[in-house]
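We just call them A, B, C and D in the order they show up, numbering each chain from 1.
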Amino acid sequence: MVIVMAPEATQGDIEAVVELVRSAGGEAFVSRGVHRTIIGLVGDIDQFGALNLRSRKGVGDVMRVSVPYKLVSREHHRQRSEIWVGGVPIGPATVTVIAGPCTVETPEQTLAAAQMARRAGAAMLRGGAFKPRTSPYAFQGLGEVGLKILSEVRDEVGLPVVTEVVDPASVDLVCAHADMLQVGTRNMQNFALLQAVGSAGKPVLLKRGMNSTIEEWLMAAEYIAQRGNLDIVLCERGIRTFETATRNTLDISAVPVAQRLSHLPVIVDPSHSGGRRDLVLPLTRAAIAVGADGVIVDVHPDPAKALCDGDQALAEEDLTELGAITATMPQLLGRALTPAPQPAAAASR
Amino acid sequence: MVIVMAPEATQGDIEAVVELVRSAGGEAFVSRGVHRTIIGLVGDIDQFGALNLRSRKGVGDVMRVSVPYKLVSREHHRQRSEIWVGGVPIGPATVTVIAGPCTVETPEQTLAAAQMARRAGAAMLRGGAFKPRTSPYAFQGLGEVGLKILSEVRDEVGLPVVTEVVDPASVDLVCAHADMLQVGTRNMQNFALLQAVGSAGKPVLLKRGMNSTIEEWLMAAEYIAQRGNLDIVLCERGIRTFETATRNTLDISAVPVAQRLSHLPVIVDPSHSGGRRDLVLPLTRAAIAVGADGVIVDVHPDPAKALCDGDQALAEEDLTELGAITATMPQLLGRALTPAPQPAAAASR
Amino acid sequence: MVIVMAPEATQGDIEAVVELVRSAGGEAFVSRGVHRTIIGLVGDIDQFGALNLRSRKGVGDVMRVSVPYKLVSREHHRQRSEIWVGGVPIGPATVTVIAGPCTVETPEQTLAAAQMARRAGAAMLRGGAFKPRTSPYAFQGLGEVGLKILSEVRDEVGLPVVTEVVDPASVDLVCAHADMLQVGTRNMQNFALLQAVGSAGKPVLLKRGMNSTIEEWLMAAEYIAQRGNLDIVLCERGIRTFETATRNTLDISAVPVAQRLSHLPVIVDPSHSGGRRDLVLPLTRAAIAVGADGVIVDVHPDPAKALCDGDQALAEEDLTELGAITATMPQLLGRALTPAPQPAAAASR
Amino acid sequence: MVIVMAPEATQGDIEAVVELVRSAGGEAFVSRGVHRTIIGLVGDIDQFGALNLRSRKGVGDVMRVSVPYKLVSREHHRQRSEIWVGGVPIGPATVTVIAGPCTVETPEQTLAAAQMARRAGAAMLRGGAFKPRTSPYAFQGLGEVGLKILSEVRDEVGLPVVTEVVDPASVDLVCAHADMLQVGTRNMQNFALLQAVGSAGKPVLLKRGMNSTIEEWLMAAEYIAQRGNLDIVLCERGIRTFETATRNTLDISAVPVAQRLSHLPVIVDPSHSGGRRDLVLPLTRAAIAVGADGVIVDVHPDPAKALCDGDQALAEEDLTELGAITATMPQLLGRALTPAPQPAAAASR
């Protein structure tokens, strides 16, 4: 940390700050400038946090100089990580496609969507059983029934399943059916939930809060990691801005930025960011091109009848182009498309 | 709802949409323009939501024309509501001051802060026992021990207590000690928590999500109301914008806007919005002047030693001015300052 | 400035940076921490800007520790300034109300609006002759004809006139008719215009860019000041955020923040920020309460017929309440309402 | 346009609105719902704008249903346009790379940068002579001297030149040296400048305002088009959001969205959006993959010595990878890389 003393700070003010830092076990280096004095702090930053340095007499500003997360940072772990989910890798050597319906509605719809996903190059199945909805009057998902459908479809089609968990109380239930737990954008700072999934022993897909900075996203990952679980995949899904032409603004730059700060894989959700079917394929191409470790895409056998977010799902007629993208673009980046596991392999995991 | 057909929509497209709306039990009125046709929908809007009208052939845009919340709207309940918390009203006739420490640290600190609060005109005590913190390494609050301290201080000082609950699993515990449950800004769309506090039988202070629109805020209130609890107070606490000079940007306009859309009381948190002690008093004045039904303010007997957010707490030397504001400004708006209850009254509630 | 070296920086990297700073005439103090080294820089910050320090080997981050503006800062001029416009002061001792039509339409409408303004406590008249409009098909103002109308109304009613200038080429023309030049929100970073008004010898009302930080706003003021003109009044008028219930979000905190950073007066525009007539009076109260040095309000004799922004103008029936606010609130802050000058005085200025 | 009447609107209110619309030459269709009445308007939308419909008694909301721009819309011109600049096309069949120094510093630096640009696949040269800078104390560009350098380098290297113009008064001067005029992000709503470049008879590169919606961007293009100039290329360069890890947030979705709304070509600036050299190549790949019609990239022979934005310029060692991207990615999208013209051809244009 660096303390910038105010122009009017006295010698006594400076000495008081230095004393305070030392009393907390730190070291302080003073640089006297013409107009201002700067004090560099060395030691345990968490310790300094409780000193309320900004409130001290003569202090103008306090600036942090190191990242506030540890376990998920590349300073802690230089090599980018590869996470395995039910036999499927997500990491720097591959592009992993996750696809499926936004919401599980029926066994038939989920199976059809899973088969679409597989045909388009997906190695994992997505699908929502618990849906956090802005309106209490909107469809909230099938709950446990939906989880069982996902589980059965996984056994039939062979794709490991990622699904959202919205409440610490249902983490065990979701773990009984899913291969990976998703924490959604509205829950990115639901710390009780983060701690619960951190203790659950399953890989976690952590969506970025639509209003969260990259640093806050990595801090949320740190909450999970701190419980002993480093099998975390980050997912950029658009942030809230003043622009209203798209539901959210896909922050494509967040992919290389987060990959540079953290060793965790980073994937992109081109469906929820734009909220428009016509943007899904262009944004999928952009995501792979920018270096994402995967994408997660909504597909639906009959989007016009989807119970949730039907406006953004890819339909059967989009699959050829999606397949062409996943078949050709990863190589451009020196990567391979992650192959789908065989049904038997997944069933016996 | 209004459907705007695309310029290239055919007569068949228009008829298909009309048929679809009627099959869902609604009525559709067609206005043919020179370039575009508009279809007005009448009926149950929730029903129409599942039609994915935006995906239908020939549909250009779909616009909602009524508010998506019901129980909390002024269309449902014309008169602005007055909510009672442990004998203290919050509503259109009064200005209610809530004050106390950001975080409960010790019995002595909490008691001293409560006495400060009372001297400055507060009728309720705030204080955090469960603290949602961005970093897992930051102080997370005293938990149950903190609740007990609050409860004891309430009995001694006589101010009803509002405190945050962060997890559905601890709602009962918090209810055993508090007079009002606070849902914090990061949990405004934690729907499991909203439903739990909605069922708890205690008044709720619902802070606006720092990234939430006013409409989403009212939808979150609707989640609580839908469980049968209409004792909800809304709290504007600043939104996230591009400006970095303040921690968040206090959206002062949100007060009259929310009061016009909803019958629920709206108060302001001038401490967390700016995150700077020097802004608390000016923003308190602005909040009362704009018509807020109350304010909630951090005070601390020794801000420099606060374990959390000490940079924004008012100290002893600020109380005279805070007292002058609360003593003189409410009358300007034709309101009365809500008096603090007597200790005995609160103890026997 | 402070340079934070990357964790992997070598001793050679550190020495190279120190050498570079010294070669530019500065001084560098090195603080070696456990993980990182910090280098404090002393000297001419503008000089350091050209060193591209961020690109140097081993440099992790570069942080500025002093404000980038000089003439408008309170470090340069401790006392808050009072600016005089045609005999009317704007400054810390008073609350000055500026009112008038958004747009000059006819002599009758402008005169009626000026008389309304005067009745409601205004000491200055606003009115637009050159209107920057988002659409090229919208009414762009009467231009020179409008300026003449303003000038004549000023002579009759006695209120000094502020009006917008949108092009460096018309600064002289506007100066011939106005007492104060307004730079609008869309032109806050039109540097050619800032320089032109800086050289014009008239007081300037500088609206904050709707997307500009407070620091950028003060930098824009610095452009004007650098041309020798320190008669600048800052005007907060709302910033662009994700909230759509109001046209912009009034950043009420910007008033005390800017007053603390700069000696220039700061006023508020409650009409353009919200864009809604029902918000103008509550926001006017909030502006005065937060400590603004004045407000600038749209009034119109017949808002429903206004050629521009009629939805936000106050009408005759709002004036009683506006008058009550201006008559009672300034005293609360220890200020006086600025009285309107007599017609003769203004005419002979 | 659609008018949504308030729930409390009377029959008389509805009739008054219908009458008003008809008196302005429009037609009004009334749809009566259970709670609200909707009135669809047909006719000249500009005419309706002056009616201040939102202020009328009983009116709840007014919604626009058609786009407010005409000449630049795809409703006006279905085919996507190809714009030619000094013999170089920018349009749907190609990917055009524009590269060069952020700022012209010396003839040697500009020539070296132009040769770098050509080697990396560029068909046009960028370079700033007039620089809009946030600080009045920062380097403002070489002005006319810089234009002459650009002109000479163009003749030697053969790449047509695009350079920024910041003031209507210098449009003629810039036209004398440049092949294309750039309007920068801070001037996107400088309407006097838009009109001046619209009348200048040269192609225009219109950068998106960092705080402007896509609709406002297209309205700014409409200002240029309205003066008879449809040779406009749109350039997405990042928008201002709450995220601080990058200078701005590249809105990659804006490319397909703008291409769907407007027939004008859309290119991307990966250098200014991120403001970080390490992001330029990933964002260049993303831009081409999403379907941009080109990119504009900063290159500098010695970034550490650049007078402006050196932190984001590509250096010699980045060119191999940039060349590989431009050589392989356009084909993936069914496009060709636009070849650089021969020096002689450019000189004799």
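Operating definition for what follows: a contact is a pair of C-beta atoms (placed from the backbone, for glycine too) under 8 Å apart; a residue touches a chain by one contact, two chains touch by 3 or more.
Values in this document were obtained by computation on a predicted structure and should not be read as measured data.
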Pair exhibiting more inter-chain C-beta contacts, C-D or A-C: C-D
Taking each chain's C-alpha mean as its centre, the one farthest from subunit A: C
With chain centres taken as the means of their Cα atoms, state the distance from subunit A to subunit D in Å. 32
Separation of subunit A from subunit C, taking each centre as the mean of its C-alpha atoms, in whole Å: 40
Could you put a whole-Å number on the gap between the CA centroids of subunit C and subunit D? 27
Where subunit B touches two or more other chains, by residue: 211, 240-242, 244
Touching residues of subunit B toward subunit D in the complex: what are they? 2, 4, 7, 27, 29, 31-36, 38, 40-43, 60-61, 63, 65-66, 75, 240-242, 244
Using the touch rule from the top, collect the residues of subunit B that touch subunit A in their complex. 46, 49-50, 52, 54-56, 68-69, 132-139, 166-169, 186-187, 189-192, 209-211, 216, 219, 222-223, 226, 240, 277, 303-307, 310-311
Looking at the complex, which residues from subunit D come into contact with subunit A? 211, 213-215, 239, 241-246, 249-257, 260, 273-274, 278-279, 282-283, 285-291, 328-329, 332-333
